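Next come two complexes built around chain A: one with chain B, the other with chain C.
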Partner chain A sequence: MTITTLSDWTGQVGTVTLGAMKADGGTRSATVTIGGERDLSFIGTPPTGHRPLIAYELCDDPSLWPAPVTRFLGDRASDPAEWARWAGEEYTPDLIRLFLTSTRKRGFSDFASVTTTVENVLQATGLPLIIEGSNDSDLDSEVFRRIGEAGEGERFLIGTAEAGRYRSIAASAMAYGHLVIAQSPIDINLAKQLNILLREIGLPHDRIVIDPYTGALGYGFEYSYSVMERIRFAALKGDDDLAMPMISSAIDSLTVKEVREADPSVSDRISVAWELYAMLPATIAGASIVCVRHPSAIQPLRAGIDGLWSAPAGKGGA
Partner chain B sequence: MRMDGLSGTFSYEETAYHLPVTFALTGKAVHTADEARAAYHATGENPLVACECLTAAAETTGGKAPPPYTGFLPDAVLRTLGYSLVDGSILGLVVVAGTPQSPDAAAALCRELQEKYMLTFLSGGIVDSLTGAGVKVGAELRLVPLGGRPFSAIHFIDIIARVAMMFGGVTPGDADRLLAYARERAKAIAIVFPGLDEEETAVFDAFRLLGIPILSAGEYEGSEWIRVSAPEAVRTGMDLKGIKVSVTAIPIPMACSPAFEGKSIRKEEMFVEFGGGRSPAFELLRCRPAEEVEDGRVRVIGPEIEELKEGSAVPLGIIVEVAGKTMKKEYEPVLERRIHNFVNYGEGTWHVAQRDIIWVRISKEAVSHGVRIEHLGKLIAAKFRMDFPDLLDAVQVTLITVEAAVLEAKKEAEKVYEERDERIRGMKDTDVDTYYSCTLCQTFAPNHVCIITPERPALCGAITWLDGRIAYEISPSGANQPVAKGRVIDAERGEFEGVNRFVKKASHGEVDRCSLYSVMEYPMTCCGCFECIAVMLPEVNGFMVVNREYKGDTPSGMSFSTLAGTIGGGAQTPGFAGISKTYILSDRFLQAEGGINRLVWMPSALKEELQGRLVPKLEGRGLSGLFDKIADEKIAVTIEDLTAFLAQVHHPALAMKPLL
Partner chain C sequence: MALKALDIYKLLPKKNCKECGEPTCLTFAMKLASGKVKPEDCPYLDEKAKEVLGASTRPPVQRVKVGVGERSFAVGEEIVQFRHEKTFFHEPGIMTAVSDRMDADTIQGIVADVRDHILVRIGLDLRLNGIAIRSESGSPAAFAEAVEAVEAVTDLPEVLMAEDPAIQEAGLAVCGNYRPLIHVATRDRYREMCALAVKYGCPLAIRAPTLDTLAELSGLCTAEGASHLVLDLTSPSLHEMLNSAVAVRQHAITRTSPALGYPVFIDTRPSRLPDAALICGVLKFGSILVADAVSEESRKAFLVLRQNIYTDPQKPIQITPGIYRVGSPGPDAPVLLTVNFSLTYFTLQGYLESSGVDSFMLIVDTEGLSVLTAVAAGKLSETLVRDALKEFGVPDLVDHRKLIIPGYAAPLSGRVEDETGWKVLVGPRDAADIAEFLEKEWT
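Then we have the complex of A and B:
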């Protein structure tokens, strides 16, 4: 049976381009484009829209990073620039997602380090970047201004905007030409509302990527899956305020008990499995960017996405 | 004339916007004296262009202004500034120019500006006055000294021009967009002390074109500048541009978010309820003069929550009084309808319907957390200020819980409702080519779409076509959107291509067709807020209408609440329609089915309510006598009794084309 479509959709997911090369004022060696779907994921031969991408997540303060990953990485985790270069070259993700975890420590005040870290990572890799700043409204203004400034013209995807605190992130995107991750806590109505708020502040829809928040498998993933599907349905039915591509991160997958307490001899295998089995279904639910932290999860995830993408018609269930 | 003496080439450094004001107005990159003169003439000898060209020439030949003056600010600084404006860490921009007579007064003024998160630019003698009075200046202190002469204030305008191009999407050369952006979006004011000469005065006067109010704390005669004393300058200026420190948290012991909007409070969960036919209740929003409204004031007249019996029904009057410079009386009904959303935002409060048929509940859980009736008022007042910061300056709420007082205030409210309904009367659907949608209820009924026309108000009765238009004006991305009628598919049923297209999209693909004037074929969907329900009665070849307030049985065999449960939730149910009371009076009522001749039954209270308007209307249409042929519950509550009555009075419906 060949599935071509499930319905006569009237809407289409918008496209978003991340990263900028020299001609457009950036320094990236490539740009990537996501979105554009006119149907559910992986339906049609070839499927509509752009193929889902993999972002590799790293941070500038590994003490706030899951232990199975830092164990695997060893010393590399102490320098975000080297970490980004190495991961980019060895594991070839499509994007690097840098979490400025240093800003999340109590009493953070070294704002100059934000600029330095972002600049160093820009130097170390040519991949388009996603940058995650502080999550404290007292710090946001300064942190996001510096992120925006340090990457002016690079077309970063910056996160994470939430209903209560989105102004600094939107301002950074508008002032320095970046894109915004708009996150809502597994709630389609709040996702829509935030997108409207961002539009009203002056950020166009083609510069927003929705993060519906992704729980770990068995710890709420099914809710995330369902809300991603509903957001995609809304987009395909013509709701422009929800017609943005989505990003999903296995952010909770490496902190669940089963991974945390796994025997060190199988820790890597377990970590990869937990990330893989959350992120592959997320692409089916509609995510355009999926994120992992264990570098060994990148290749199997890519194989899974490629398999779904280019499965020949009629063999989908084989 | 000084423009004639201009020579050589000139430019500002570190900007991609050339001479920004000139560039924004003309789209031309000016770098030579001849180009400058051409631009000056092309703009009708705009003094801002002249001032900018002369200033740029002077800064090019004479070098940048000496410290502490900044002169022209590079683009990088502008980006940071724009960031702070979007981010909300700066609320607005002020330029202060001239030489104050009292340095202390000027110092106090600048301190006030700093405290109110305004970014202040200083131009002329004011800088010396401030440093003389011991005030430190500098960009980091939000006091930016542009230059020692008032002409340097042109840099304030080049900042606004660049912000418009960087953040406002204004294309260089699109002078209209620039002016519109400056007027509507730029939160900028100018405060002028004495000491400006004639030329300088002309330049400042040109600021008004950009919607920048000029507050004069000096002796400038005969101009359209606003005279103020120094201490009142900041407040007056901020008021004029609607700049206000925003409300961020609502001080009530209950969470408040759209997330709770769709949550019902069931009878078992309820501590107390108001209205819903169990007790008299109404809501009313009025626009008042500013001096009569004290922002945030909430009064409860009558018993508070601790004096009420658990599980009881209590009378309630919600009176919201608002003031705002741009607030208009026409906006009242649209804003009033928002009370519905706001009360539902409360985690433990619930609201349905509108006007004098509201139904409100407060949950036991909320009361156990300390929620009182006054918090309803606090919630409403704060949400109005948060959601309409540009429209409303002050909101006060009065809640009445004493029956006698509620009844008396309700009489007044009913007069206001009547005046509002009067305004729309006389307009025809054929007079306009745009209708308005309402999807306010989609939180409860996700696929429901109301289409509001001049002759068919929203089914809740609270939003007319005019209200829809105004709501769209107030918030262009809100729940009321313009709907282009498009080609007529069926004039009798009122089916239009444009309406169908809109309904399909807004109903998320669930509803393909919608007839505005038919109950039988593709009727409009129903949310749950309808004032009345029209029901087809096949036995008598006609329709009955029952209103929300009527609690008894009807000839359809179902009460209002049973019917409401059957047809609500966003479904399209042929044979049934949610309608407003005034729609019964409309020429479009039941048009596809043969008009009001089909109406066979209404509750007596509804008949009485409409009688004054309906009887003349029927006479006008040559249907005198029909009113008395419409039965009510005193005549018949069963279909058998109704059939007998209609036959006896020779009701016209009996002889009409069969409905089925």
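Then we have the complex of A and C:
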């Protein structure tokens, strides 16, 4: 007998493709596909499904961005297009995730800037894009319409839909051919409910990515870790309403006390550690896209994912 | 497979004699099912039942203790594959490596740091656990000297990493009475290593090229009398390490390969990715992890990750209810109410600190539930708020009567106003927005 991992799963995580190249009506230089797993993450030689991807997060208003990153970036942070181009070329993430933080400032009304910013970032990088819009139901309709329109045919992943406010986002995705991030507060049942709501208004499952919400390391990360394991478990057991790939971003990583209060001389190192020690675990728990904000976190995260993914040359594995 | 409480109950005498210390046979059965009592605690169990229960209630991953004294630690006794199924019990011991090629001062510098470094979080002391001494010189005398250098400054648990039995014994001659982990027995020389493990009463790490040969070696070692084993799954490939560790845990808890029912040992060095290997080890079933000295930042992140993963998911971490100060709040400072779920507390506290507004946090007892859950479950109520204001003397601390409540508690605002007579301001749902809220609403 040969002792290997035990797999009696019947289900499979669905696949989702982000980005569109010229032939499919977009302008991206590549597309990426996530999901497809028929086992736990990295299990099996080779593992099932698609290798987890890294999204690099940036924003259009750095006053709301963590200080360790803006310090590291200097002037680049003031221009999201240049920021995206530079990060894409120098650090080679798989995706760029643009937060339109300008829409989250009080009294925001410059809707035309949404279109301009998205168009500029599209010009600046060929990577598939994730776009995060407003966080206010009074603005959502206009903001998401503009995001959708500016990227028509580009197959953006747009976010973030929640149980209370998902219609504007879903409407934009359906009208302009995009995908939706569906976020629920660290709760498998609420995640499922939201996916059902989205299906009922006409958004097919292969255009949804689950965001189970990720607490920062030391600030609830374990709850997110377990909810991701449970969602993957449910998918492998055959629950179609939870069989979408997941995105994980511990967005508070660089504002937690340990990082915020660190001496500036170690600010970059502690930032990288706090992002790496949450996002690599997230891939093991089942996330298909993991997100970081400090550019220097991309390389060690990539090395970890590659090491977990690849069987050693010339060996059949365990 | 593990028996359920009701299956166990059927095998018990059902006398409810209480001699085992439990009120009824059924409660005894329930405790037996979760491994909290032993079959022998029941004085009336017949031999056959003892045999059946002994085999199926023994933890599927054997307990192994390393070291003696205050810093000694036990690993194993795990019963699940996913922490959400119950919990993980014994967090992995992390052993900082030194080499017998280092001079005594270098070794002692590293050892003293492991011995003295403490990270305090949520009221708990987080520390590294011990020292692994690598034999790299090939000399028994140099190995013994290195072990002596470690012993001179600490009684931390040790791993003696020497495959050559002669070198291993040189180390054991120095510290063999303090239960170090002997590393490592392979198929070639397992008899000599087992003899050392038996002689010194030490746990033994074993290594083989595949899981099948590892299971076979485990059987050979127990037959030699070395019964406290750990399985070395070190590999240069993280992929292989993860897959082996998952397979070992699965086969252990389903009892399909009892010979693999032992804790897992991982040396992070061959992977050349120490952070990733530590992460993989702590998440996926490593019990003893060896790492060359890591950066201060990696150590901090690792200790916090281990604490997170080994937190019992059945018990929300709670903060003692009361009034907490952020900065130096005066009588005109805002009072912000929230729940005693520690995550909520620390998140709000963090954002209040960065807002720079001196304030009071009024923490009420929702049994560790988050705001959303506490409101839904009726654990956060107007009477609870009224009593907490009184109990913690809030009216004497401030000269205003305004209370800021979490956004998700908005449905309670009217009732809280009626019950307390305080004016209620509904704060943001997300603590991240608290600075903006205070700037706008608290002038």
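Assume the second predicted complex is superposed on the first by the 303 of 318 C-alpha atoms of A that agree within 3 Å, B and C clash if a C-alpha of one lies under 4 Å from a C-alpha of the other, contacts with A are read in each partner's own complex, and residues count from 1 in each chain.
Going forward, contacts are C-beta pairs under 8 Å (C-beta built on N, C-alpha and C of every residue); 3 or more make two chains touch, one makes a residue touch a chain.
Worth saying up front: this structure is predicted, and the values here are computed from it rather than measured.
> Between chain B (first) and chain C (second), which, if any, makes contact with A:Leu280: first, second, both or neither?
It touches chain C, and chain B stays clear.
> Identify the partner contact of A:Ser172: answer first if only chain B is touched, second if only chain C is, both if each is, neither if none is.
So A:Ser172 only meets chain B here.
> Could you look at A:Ala84 and tell me whether it touches chain B, chain C, both or neither (first, second, both, neither)?
Once the two structures are laid over each other on A, A:Ala84 reaches no partner at all.
> State whether A:Tyr225 touches chain B only (first), chain C only (second), both chains, or neither.
So A:Tyr225 only meets chain C here.
> Chain B or chain C: which reaches more residues on chain A?
Higher number of touched chain A residues: C.
> Is A:Ile147 in contact with chain B, with chain C, with both, or with neither (first, second, both, neither)?
The answer is neither, since A:Ile147 touches no partner chain.
> Given the touch rule stated above, what does A:Gly215 touch, chain B (first), chain C (second), both, or neither?
Touch partner of A:Gly215: chain C, not chain B.
> Check whether A:Ser310 is in contact with chain B, with chain C, with both or with neither, and answer first, second, both or neither.
So A:Ser310 only meets chain C here.
> On chain A, which stretch or stretches are contacted by chain B in one complex as well as by chain C in the other?
Residues 233 of chain A touch both chain B and chain C.
> Which positions of chain A touch chain B when the two form their complex?
Result: residues 7-10, 141, 144-145, 148-149, 152, 163, 167-168, 170-172, 174-176, 187, 189-190, 193, 196, 199-202, 233-234, 237-239 of chain A touch chain B.
> What residues on chain C touch chain A, complex-wise?
It comes out as residues 82-84, 121, 210-212, 215, 235-240, 242-244, 246-247, 250-251, 254, 256-257, 260, 271, 273, 275-276, 279-280, 283-284, 295-298, 300-302, 304-305, 307-309, 311, 313, 343, 346-347, 350, 353-354, 372, 432, 436, 440.
> Can you list the residues on chain A that touch chain C in the complex?
It is residues 1-6, 40, 42-45, 47, 106, 185, 215, 217-223, 225-226, 229-230, 233, 252, 255-258, 260, 266, 269-270, 272-274, 276-278, 280-281, 284-285, 300, 303-304, 307-312, 315, 317-318 of chain A that touch chain C.
> Can you name the residues of chain B that touch chain A in the complex?
Checking each residue of chain B against chain A gives 79-80, 82-89, 166-168, 257-259, 261-262, 443, 477, 504-505, 508-509.
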